[in-house]
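Think of it as A, B, C and D in the order they're written, each chain with its own count starting at 1.
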Amino acid sequence: MQIAILGATGYTGLEVVRLLQKHPEAEVTYVSSDSQAGADLSDVYPHLRGVLAHTLQPADPAEIAKVADFALVALPSGISTGLVPGLLEAGVRVIDLAGDHRLPSEDYATWYKKTPPSSAVLDSAVYGLPELYASRIADAKLIANPGCYPTATLLSLLPLVKNGLIDPQSLIIDAKSGVSGAGKALSAGTHFVEVNENFKAYKVGEHQHIPEIERVLTDVNPNGERVTISFTTHLVPMIRGILTTSYASLTGSYSTEDLLAVYREFYRDAPFVRLHAAGSWPQTRDVSASNYCDIGLRVDPRTKRVTVIGCIDNLVKGAAGQAIQNLNLLAGLPETTGLATAPVYL
Amino acid sequence: MQIAILGATGYTGLEVVRLLQKHPEAEVTYVSSDSQAGADLSDVYPHLRGVLAHTLQPADPAEIAKVADFALVALPSGISTGLVPGLLEAGVRVIDLAGDHRLPSEDYATWYKKTPPSSAVLDSAVYGLPELYASRIADAKLIANPGCYPTATLLSLLPLVKNGLIDPQSLIIDAKSGVSGAGKALSAGTHFVEVNENFKAYKVGEHQHIPEIERVLTDVNPNGERVTISFTTHLVPMIRGILTTSYASLTGSYSTEDLLAVYREFYRDAPFVRLHAAGSWPQTRDVSASNYCDIGLRVDPRTKRVTVIGCIDNLVKGAAGQAIQNLNLLAGLPETTGLATAPVYL
Amino acid sequence: MQIAILGATGYTGLEVVRLLQKHPEAEVTYVSSDSQAGADLSDVYPHLRGVLAHTLQPADPAEIAKVADFALVALPSGISTGLVPGLLEAGVRVIDLAGDHRLPSEDYATWYKKTPPSSAVLDSAVYGLPELYASRIADAKLIANPGCYPTATLLSLLPLVKNGLIDPQSLIIDAKSGVSGAGKALSAGTHFVEVNENFKAYKVGEHQHIPEIERVLTDVNPNGERVTISFTTHLVPMIRGILTTSYASLTGSYSTEDLLAVYREFYRDAPFVRLHAAGSWPQTRDVSASNYCDIGLRVDPRTKRVTVIGCIDNLVKGAAGQAIQNLNLLAGLPETTGLATAPVYL
Amino acid sequence: MQIAILGATGYTGLEVVRLLQKHPEAEVTYVSSDSQAGADLSDVYPHLRGVLAHTLQPADPAEIAKVADFALVALPSGISTGLVPGLLEAGVRVIDLAGDHRLPSEDYATWYKKTPPSSAVLDSAVYGLPELYASRIADAKLIANPGCYPTATLLSLLPLVKNGLIDPQSLIIDAKSGVSGAGKALSAGTHFVEVNENFKAYKVGEHQHIPEIERVLTDVNPNGERVTISFTTHLVPMIRGILTTSYASLTGSYSTEDLLAVYREFYRDAPFVRLHAAGSWPQTRDVSASNYCDIGLRVDPRTKRVTVIGCIDNLVKGAAGQAIQNLNLLAGLPETTGLATAPVYL
């Protein structure tokens, strides 16, 4: 496989570069950065000196099509909308890591305050959550790679919603993320002195990942009703990691073990989802720099609610790793190809 | 006022020492540490050399009564039960920062797995949340100083529950704390290498502060029913601070501004509670090293729920500062005496 | 005393505000921020809501002179040069926390790459290191408040150099600072994701504090020769604190105890310098949020060198606290007035 | 190659496990932990569930010899002394990551306060710094894998000392390490609340790595004199990484470029040493989770000294990675086998 990486100097693009270095079937042939075109990637990131050499190019679909079969687009939301049609027309299959192709037009316009892609392109996009949509993904020309929060949230909740074990309208999701999720752009909100030894919420009830989560939950909701959730995001003074704590009312008298059995069955063939036994809980470091999603849960007999905790590395299973998992599916490879490495716990 | 501090070498006791240094009406006359008796406090904590000199003594009620009117007990739960009766009998008024005197006997035994104090002592204890029980506090002989999580949670929710604006049985509280809340004892869970760059939940649905919160919410519940909550605690890789994110279903069509008006009225005379305007949110550093509790909230029109976020410094408003606020009430002083200093934001 | 604080929204200015809140003899009557004039300081820093109210004003010497006797100038280097003459002419005594008035013209031009103040103003400036120049400070109209690195370095070394116990030309100073020393301006070098879990050197041998240190060491050098040092600065992933590790060749066979005795004598009347006994060492947290400077040393019999370690809080003894110590001296107050509080160790 | 890892549950052992997972020629056949024998490694470290399965065994040389050609011993100093003879006698080639086999008997006894190995075993040990001793390493039965501080220090200084460009007796090395270097054992000095937002020196002039560094510097010293250094270690509030800042007097008028040319030549065939151009400096994150050592230097024309800065990941090039580099040499493989992966910068 010959691969183009667009937006390689952002944090997500950089993680795609790191992971593809270890992929036995992928050759990176084109690496773009409009702002730094002409430089080598290791000029921007000295840790890559002597490891990888990639001259940065402008993001030009025609040039890309000459050397790549697949493009992984790690550009900010709003930019990929302009580039993807050209790539598709040139015959390049695209995995878009931005939010542009995950939502219906009206939702994208409302939550992202940007002009959505054309309906034709949107209709061709497949939502790239392999644990749910693997079969659709394999044939897609355009994958909308899921957001970091939606990945952790959906993997935490799909077995419950799809099997009707909770009332999806009761869902409350309290999400926490490391700072790398905010990207490389400078802002007071990512200044070390403002972030360290601090904890805060942001975009309370207004995060653009809300409609993405609701869309998928609605899709799997057995009674077909549109699902509406409470969702709050928080910033943790650490670099990597997302942990979501989800609460929902049970529709019956299920025990913790009952629900764990449902999860085990649901994720029987999902190599990146790992379940904790009752009484044991995930932590973000357990999945650091890896594509795993760790999940633990507990039924509270006092409240008849279930609490589900899910962890991912926001840059890997929440972005670059999941994109490569999708790439493997597009290419007919085992989905773990290049991704089956131990987390960097320490 | 002459003050004894029991357990001065723990993190909470140390914070009592720090805050009382700036108190214009308090003289610290007795400082105990059974394990380090005979040493000076500055031998244990070199940052105090040249600032304060306190020879550490064993915790002896008779000796304490000779030199102190008030004792602030910052010992681990289970220890203060043994010491408080002797102090009370000797005529010393007590503020207990441990959990021993906050719960009915059966709840203490169930959640703390320890032998509760006698009924006579428990019956005399007043729960020391000044924003709710100031009048009872003034005359008390024994104050049960609230826990850190309950303080942040209750201050966040009291105006809603007491005024019947939410269904208290719908309450879900997602709480996050810095590591100082775990105290000075060594454990794998507080080793720097295990905590830093990590985020995790612990004691999910099983934290001993749950019955303390429920007891007070039940006390103010207009319909008198026993309140049961979902409550999850998480560990943030930082030293100080607690932030609670609470979710509840509204009982009517209230706007964010409606609820903020209720909070403003409720906390009109509460000098340490600060409210954020709509769209603005607290963060833990805004209250660091201070006795403030900052609160923000939002009604989500999509879900008909309210989200309330409260922040305190777990060592100050969540422990030592609140103890001094109670001490001021016991002594008939303005409750801000010695506590009206700016947070250490940086 | 009526005090103006210029540049109150920077980190140093903010620390001046925090410390003066606790000063019993100082009234803050003017608080400037050109960029945010018209706002209240608590609009910029919500942690101050309900604690302090200061409407931000432009930095106007004539207006300042109407309400203030003293101005503490916490503006970036290069800006204070333009403001100080107007303040002095209007009869306001000035403590300049920037680097503008610490060096001879040529050194300032060389190391700061900026236009120096006029000779007349420079000649009137007194270097505000109270432990060395207290008598000169008392009568000054203009104090050049020392830099953070020079304060830690000079207090660590003055007893050795002044008493001829080391060869000053052998001095190597390895300095480490928290990130707040870089100020509030946004840069890749202060982005949380770039700084956390990282350690690096910067401005190796080229830091603008080098000539400031050398000037004072030369001033106290018994043989009068110009002192030249090796000096390297490093960035520590923490907010506050400077630690300097200094190495020098001894001029005789002195023991650790010999040297400690010299330090004890030298700092007999210095209330903010605290010495560690042999075998014990300072750490930055021991002086956090306080005006103390902690020092430890060891003679290495293997190399005939002495190692001296000094710690300060860069924002306090390295900036705002030392400015207030100087203010006390200008005003004829005890130098500890408003500054004798316990460090915030936790 | 069949490999035994002894002491797999310590931080260094765990890193050996992580790195060998990616090694194409190594099969891990024996994993020991005396304290947790019988458990699976993923019971101790849940991040390994589903990635690796290794039942922990006692460290039994006879059993090891049945299944392994090489043993990597990641046990505390003092323990490996007892195990290595049995392994060698059983025909297992050993790489000892502890300090036991790096020093002459008397130095080991003096600096480690422990009983040294027998002379016969010590005499057979080869110091495993591949950039200096690659040819000796290839034939060794027992490798003494270098300490973390010596690795960073020696790689920083060897070209200067060996070529007589500095006076080695003038060497001052100021070293800084992340907390993982202190290992997994609990202590007040590694408690998160004591370490975070703190910076301190420890074992000033007394670190047990001093004689190890001096031994090698003496070995390459052109004039054969015993080298004595000043060496100070500091603790940085981060998990991984060592940075050393070294200072020395030049023996001639060399420029920065002169010295860089010497380094380029010296490390021409060293795949893990990367040099920074003049004016650019390494940082610990640039080598994180990798086996690289990054070096930058500057001649200071003012002081006629050179400053050299070296960075490694203490757990990789400072321990586990270097052990695998040595393993490759023992096995006749290219030394980069399994180690040529990009650092985890973020």
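Observations
By definition in this document, a contact is a pair of C-beta atoms (placed from the backbone, for glycine too) under 8 Å apart; a residue touches a chain by one contact, two chains touch by 3 or more.
This structure is a prediction, so every number in the text was calculated from the model and none was measured.
Under the touch definition stated at the top, subunit A and subunit D share these contacting partners: B, C.
Seen from the Cα centre of subunit A, the chain whose own Cα centre is farthest off is C.
With each centre defined as the average position of its C-alpha atoms, the distance from subunit A to subunit C rounds to 47 Å.
A straight line joining the Cα centres of subunit B and subunit C is 37 Å long. Look at where the CA atoms of subunit C average out and do the same for subunit D: the two points lie 39 Å apart. Counting partners per residue, subunit A has 11, 180, 193, 196-197, 237-240, 282, 285, 288, 346 as the residues that reach two or more other chains.
On subunit C, the positions that touch subunit D within their shared complex are 172, 174, 176, 178, 193-194, 196-202, 204-205, 228-230, 232, 234, 236-241, 243, 245, 247, 281-285, 288, 296, 298, 300, 302-303, 305, 307, 309, 346.
Residue ranges of subunit A in contact with subunit D, taken from their complex: 11, 14-15, 17-18, 21-22, 45-52, 180, 196-197, 239-240, 271, 274, 276, 280, 282, 285-290, 292, 294, 315, 340-346.
By the touch criterion given at the top, residues 11, 179-180, 184, 186-188, 190-193, 195-197, 237-239 of subunit A touch subunit C in their complex.
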